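Same chain, two partners: chain A is paired with chain B first, then with chain C.
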Partner chain A sequence: MARDLSFLFPELLLASTVVLMLVAEMLRAPRLALIFGLIGLGLSTALTLPLLEADTSVFGGTYRVDLLSGWAKLILLPGTALALLMTRAEIAGQDREGSVYALLCLVTLGALMLAGGGDMMLLVLGVVLTGLGSFAMVAWPRDDAATEAAMKYLVFGAVTGSVMIYGLTFWFGGAGSTLFSELGALDGKPLIALAGLVAVLIGLGYKAALVPFQFWAPDAYDGAPVSVAAFLSVITKVAAIIAFAQVLRDLPVATGWPVVVALIAAVTMTFGYLAALVQSNVVRLLAYSSVAQAGYFMMGIVALGTSPLALPSVIVFGAAYVAMNLGAFAVIMIAGRDLDDFRGFGRARPVIGVAMVVFLLSLTGIPPLFGFVGKVLLFGAATEAGYLWLAVIGILNSVLALAVYLRIVVPMYQAGDGDAGRTEVAPPLLVVLGATALVTVLMGLFAGVFPG
Partner chain B sequence: MPLLSISVFLPLLTGLLLMALPNKSARIAHGVSIATTGLTFLVTLAVWARGTLPGGFAQVEEIAWIPAIGAAYRLGIDGLSLPLILLTSLLFFLSAIYAARITDRPAVFVALMLMLETASIGTFAALDALLFYVFFEVSLVGMYFMIVGWGYEERQRAGLMFFIYTLLGSLPLLLAIIGLYLATGTFDMRLWIETPPLTGLAAMLALIAMLFTFAVKIPSFPVHTWLPAAHVQAPTVGSVILAGVMLKFGTYGLVRFALQMTPDAFARAGLVVLAFGVFSALYGAFVALAQSDLKKMIAYTSVNHMGYVVIGVAVAALTLDPDLRAVALNGATLQMVSHGIVTGALFFLVGMLQSRAHDRDMAAFGGLLGQVPRLGWAFVLSAFASLGLPGLAHFPAEFQIFLATLNAQPWAIVAIIAIVVTAGLYLRAIAAVFLGERNEKWAAMPDLDRGEMLTIAPLLILIILIGIAPSWLLGMIDATMRALQF
Partner chain C sequence: MTMLALTILAPLLAGIAALALRRAPEAIALWGIGTGFLAAMTVLAGAVAGDAAQLVLPGLPQMPLRLVASPLTAVISAMVATVAACVVVYAVGHMRSDPERPRFFGILLLFVAAMQALVLAGDWITVLAAWELIGFSSYLLIGFWHGRDGVPGAATRAFLYTRSADLGLYLGIFVLIGQAGTSEISATLAITGTPALVAGLLLLIGAMGKSAQVPLQDWLQRAMAGPTPVSALLHSATLVAAGAILLIRVAPMLPGGALLVVGLVGGVTAVVTGLIALAERDLKRLLAASTSSQYGLMLLAIGAGVPVAALLHLIAHAAIKSMLFLGAGVFQHDRNSTDMEAVAGAGRARPLVLAGFGIAALALAGIPPLAGFFSKDAVLAAALAAPGAAWLAPLALAGTVLTGAYMARALRVLWQGEAQPVSGKGMGWMSAGMAVLTALAAGLGFAFAPLEHLLEAELPPEGTAMILGLAAALSGLVLGWVIAPARLMGPVLPRAQRGFAVAGGMDGLVLRPALAIAAACERFERHLLAAQLGLVRILSLGTASRTDAADNRLYAATLDLGRLNLRLGDRAETTDTDGIDGLIFGLVDRTIAAGRRLRLLQSGLIHRELALTVMGIAVIAAVLLTVPIIS
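Up next is the complex of A and B:
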């Protein structure tokens, strides 16, 4: 028991932090809640470092402390800290400000459950924990758009969650255990494996916004505050992708699941970029773009068990995606939600304009930026796993991606009205922009630090 | 001293420093730009002085980058890449001198140009496929912003077309690189060249992917359509760099990647490549003949001249005689350098004409030779070089290509018709613009000033030097080509 708990220090610390943040909110001290949050996230990150080399599981195999969950923490915890700063810049001084901070950290706790889950029950717990906090955050502005978005998100989440729980019972019945490590017993029972797979695809696919479970994403992102949208598009999505990796790496490849996932990946990235091509609201555009990026992530999932590049590719692209997507949303917070708001933005604010170009080119996958390194690994993993066609579709979609992102870049350098550059940028936002831009530019050059 | 790394990163670093400077006036920006590109040119001359090795790469510099996947920072040169590196640093130096008249956001322009120089020299010097791809793609981004930011009327559309077209073009190369990587577990291009890792169908697929990428870049028929739009809309310096340097990425890749890494597949597909080369050469010449816009005309002659390079490489792949191979590849490599110098000069001259007249249409001019003799004679000399007149830069290159073609694949000699067509179109252009009735509208047009003379004179001297005595360049190229393994 003591040994098990010692592996859970980061999670325990984060849980206590959330409690402290709630207390601070009750005392009407949102700044204190923010500070608690930042310190807690920082300490949890530091506590993760000594556990990075561990490869074990605790509590009877239900919770995994391994390479994947370790790196997930290193990505998700700092990502949440940046999201906290963005939220502060957006809603400082408003009513119930501290609740949002506490909810952000609570959802991240759920995300860690997803990323480390080694058991079906824990998977369900993670899905519910991330879901509940997210619904509340989307509904936070209390206007019509936010309420509608949150309702959609909630109903969608409730239905997909129930279907997932129902489907997981097939795996439980077939394997005789709720542990993922026992899923090998499903070899030779393709129908049962498929039933559970469909369930997981629905439950986690909804979290990761894979097609066809992406309908909620644009509405929820657009209804929520921009910073919350940024958080949802990054933290819960990456957690769901890593949960996919935790679940599917024990499922026998012979049951044919990679084909199903590959098809979904292809459809997801193509649909995401096609839909993004016609948006005029930048938040919705990035929402569809993050749907497409989820498709790219799935290329790494497809290769699980057949390519040694699979796990590194998911981790590296996860880190890259968190940095560049958060950065892009932070720029939206400065420029505005409408595509027209970007007209002349690059001329009025040259430095932030260049940062936005860097984020968007990295999302496209242009070298030597971080996103490129991740995509090369993903393409390599898919090709090695024998899914050359999927890599080709991914590459063709990169061109579509360029067209999508240039829709933002092009107006930025046209002559604009120039009044975009008047207001001061909040200091927390500058920190976020600096950190994400540095990571996006430099980690491409120092990608050697990641496991491979 | 790691001279190669210095020549690659010096421009980028000073570009970044320039962006960080508080005072970014045009004087300072252009001063920094000329000093940096000049220094880089000197460094590449020092690289040249250190020399190459026959049969292998010289001056290799290697640092671990992503050891987990076998990618490293590897630079090195041989007789194929060194002439192109010299050409690159020279053209950027001259472009920096010419660009000193740009007053619209000069610091950003200079930073972009310096970034492009890093990407260009890096592309030729990289010995690691991932690193090569990084430089290759960064050049796209730089050129896109140069066209969109400082181009002419239709720049947005042309820039978008250029970016999307060439990105779509370059992604198949990434697939080929991944294929080669999965077969060897490293991105070291030297190993891929030493023992080509792919065979059979895999090699053919990789070759097709590479050919597509490089055909877009070269550009070869039928994927050349981005070129006229990008050239016409790009600022003068952009056109010079695009034609003089970036088109060479395609032909360099054709030899370095397609020919050296998948030699057997290339030999099997050689006839198809040769046919595309012949058709491109003819097509480029005839379409150029139909243009009345001077810039567009020169852009299409690039399609023609690069077609000869493709012919040379394909002939080398198809023949087994080592002497003939060397002749064909020598011709192809020299053609790359000559084209960079000649077309660079032509684009500079058209840019100078356009900055005076704000017009590029041949019909709008007439009798300019008396009005602006220096510009006129410089254009006449460059045009004669471009049409392959003996004694000027293109002649020794094209002569060797056609010599090898006649010996190995006699039918392909039909491409020589293109020379006649180019001769016709250049004579027509000279007649329309510089001879004939004097157009009084341009009576006040000034001749070349000192900065412009400084820009154009080195190119004209090189045109004559390469034409009369190419051996100083060919010796280095030949030593590498004779030892080329494939």
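Up next is the complex of A and C:
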């Protein structure tokens, strides 16, 4: 027991931090809640470092402390800290400010459950924990758009979540255990394996906003505060992708899951970019772009078990995606939600403009930025796994991606009406922009620090 | 090692500085390009002395990024640095009145840095990265005057053409890395057999796109919409050279079958684009077509198994063609056009520029003792000695004749006609750049013997090739000068003027199908949505009408409530006029708004989307059920 708990220090610390943050909110001290959150996230990150080399599971195999969950913590915890700063910049001084901070950290705790889960119960726990906090945060502004978005998010979550739990019971019945590591017992029981697989695809596909479970994403992102949209688009998505990796790497390949995941990946990235091409609201554009990026992530999932590049590619692209997507959303908080708000923005604010170009080019996969490294690894993983056609679709889609992101870049450097970006930029946002831009630019050259 | 890094970093930093500071771009550019040039020369000196510099960065897990200055890469890097320096010096004069100079010099320097990284790359990941970067900066530079008619289209077209060919490069590299288990170029060249053939052909596709080979040649001529220094640097000596450089580097790996394909692609391009150049009515587009043709000759030499001959021609051509473009830029300045009729006689007003242009033209045609004579001899000798000589030698000779013919035609146009007065502004810088390039175009041939020695290469004997080549070059020059293209080419002329648009050209092969697919996708989506709507309506008609009715009742009730409030208000008005009045009207407004909000929630959109989701789940389940049966 004591041994098991010692592997859970980061999670335990984060849980206690959330409690402290709620206390601070009750004392009407949102700044204190923010400080608690930042310190808690920082300490949790530091506590993760010594556990990085561990490869074990605790509590009877239900929770995994391995390479994947370790790197997930290293990506998700700092990402949440950046999202906290963005939220502070957006809603400072408003009512119920501290509760949003606490919810952010609570959702991240759920995300860690997803990323480390080695058991169906924990998978459900993670899905529910991330879901409940997210609904509340989307509804936070309490206006029509936010209420409708949260409603939609909730209805989708309720339907997909219940279907997932229902389907997982089949796996439990077939394998006689809720542990993922026992899923090998499903070999030779194709229908039972199929029922659970469809359930997992639905439940996690909804979290990761894969096609055809993506409908909620644009509305939820658009209705929520921009910083919350940024958080949802990176933290819960990356957690869901890593949960996919944790579940599917134990499932026998004979069930045919790689083919289905490959098809979903291809459709998701194509649909995401095609839909993004016609958006005039930048938040919705980025929402569809992050749908497409989820498709790229799935290229790494497809290669699980057949290519040694699969896990590194997911981890590297995960880190890249968190940095560049948070950065792009941070720029939207400064410039505005509409595509017209970006007209002349690059001239009015040259430094932030360059940062935005860096984020968008990295999202496209232009070298030598971080996103390019991740995408090259993903393409390599898919090719090695024998899914050359998927890599081809991925490469073709990055042409489409360029068209999508240039729709933001081009107006940025046209002559503007002059009032773009006249407002003062909050210091926390500058910290976020600096950190994400540095990571996006530098990590491309030093991606060797990631596991290989 | 420091020098190796500086070759790339100096132009890179200068480019960023020019873009960020937005002032004194010329000084920054000259510093960056000068430092880069000195560094490249030091690296070359080191390579000559037998001390090959190498730089290893962490890069990807287990795939470090490498820069290697082997004799081959050091020579090409020095060539790139030299031409870039000359072109930047010229550009200081040429672009002096353009308000967007910082952007121009900034991107140009970034391009030079990326090009050096490509040349010096020692691993495939760096090659991919640099390849993408030169493509992207080329897009930005072609589209530099994006406000002008047709310019954005030309930039996009160039980018799409080369991007679609890049697919071959990506796949070829994945095959190589997958086979060799490492991304180091020198290690992957040990691959043999079918994988080598497949990878070689895939890389050829990438090279064909960048080096504008048939049938992907069209983008290069349209790229002439960019500023002249861009044409002189990117679209003659560096960017388009990337394809040939790639093939020169992998040549030791290519099996016989792949070599023959490379040679034939090059030979056909040399002839076809040579004809296009002869028929061209625009000076810069003529030079662009000629560039494709000359790269065709280089691919032919690679295909003949003598990559060193291709390298010699690449170096000679870089100096020659840059000079030709820079000269054409001067005439364009004078006449505000590059149309052949507009520039007729432009050379008479500038005898010195015409002399330089003429020397470069004769060098390209292959007249001794100019640089092109030696390199073209090497190419011809390689073609004659190759296993596929029966195919390659006639194509190489035809390409040589055509080279003479279109260069003679260009010279004749510039010579015959009325001289017009010209202004001398900015000519100092421009002349300096052109003078160095002319000297190189004339004298570079004498450096080829030590170069061959450095690369430890043996060229095939040149006796017959020299006589044949000289005869071909002279006959081409005479034909081009004496006979008008209309008579020379006869019925081929109109087709060549259209760029040999086979079945609508690449537009028909790439652009139109892509647009058609996009339109079909849109139609399909609309049908799908309509079908979905119909399905959902039929399925949920009952429930929907019932909810609708309930909704209406609720709405009516809220309205009634509002009316009731209103009536209460009416009565209250008699006792209290102001305060309560506003309160009540506010209440009415709020209830009506609440009703509207309820309607909004029941818009039915969620149902429809959930139905779509269910359909998606059904498809997934169906696929899952069929997969085990198929496999």
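One rule holds for everything that comes next: the second predicted complex is superposed on the first by the 451 of 452 C-alpha atoms of A that agree within 3 Å, B and C clash if a C-alpha of one lies under 4 Å from a C-alpha of the other, contacts with A are read in each partner's own complex, and residues count from 1 in each chain.
Quick note on the criterion: contacts are C-beta pairs under 8 Å (C-beta built on N, C-alpha and C of every residue); 3 or more make two chains touch, one makes a residue touch a chain.
All figures in this text were calculated on a predicted structure; none of them were measured in a lab.
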Label the relationship between chain B and chain C on chain A in the superposed model as either fit or clash.
clash
State whether chain B or chain C is in contact with more residues of chain A in the superposed arrangement.
C
If you stack the two complexes on chain A, which partner ends up touching A:380: first (chain B), second (chain C), both, or neither?
both
Could you look at A:447 and tell me whether it touches chain B, chain C, both or neither (first, second, both, neither)?
both
With both complexes overlaid on chain A, does A:194 touch chain B (first), chain C (second), both or neither?
second
Taking the superposition on A as described, I'd like to know which of chain B and chain C A:263 touches: first, second, both or neither.
second
Which holds for A:212: it touches chain B only (first), chain C only (second), both, or neither?
second
Which of chain B and chain C A:296 touches, first, second, both or neither:
neither
After superposition on chain A, the chain A residues reached by both chain B and chain C are 312, 350, 366-368, 372-373, 376-377, 379-380, 383-384, 388, 391-392, 395-396, 399, 445, 447-448, 450-452
For a test of understanding, state which residues of chain A touch chain B in their complex under the given definition.
309, 312, 350, 361, 366-368, 372-373, 376-377, 379-380, 383-384, 388, 391-392, 395-396, 398-399, 402-403, 406, 410, 413-414, 445, 447-448, 450-452
Which stretch or stretches of chain A touch chain C in the complex?
144, 147-148, 151-152, 155-156, 159-160, 163, 190, 194, 197-198, 201-202, 211-213, 215-216, 254-257, 259-260, 263-264, 274, 312, 316, 350, 354, 366-368, 372-373, 376-377, 379-380, 383-384, 388, 391-392, 395-396, 399, 445-452
Can you list the chain C residues touching chain A in their complex?
20, 57-62, 64-65, 125, 128-130, 132-133, 136, 160, 163-164, 166-167, 170-171, 174, 177-178, 521, 597, 600-601, 605-606, 609-610, 612-613, 615-617, 620-621, 623-625, 627-628, 631
List of chain B residues in touch with chain A within their complex
64-69, 108, 130, 133-134, 137-138, 140-141, 145, 148-149, 156, 160, 163-164, 167-168, 171-172, 174-175, 178-179, 181-182
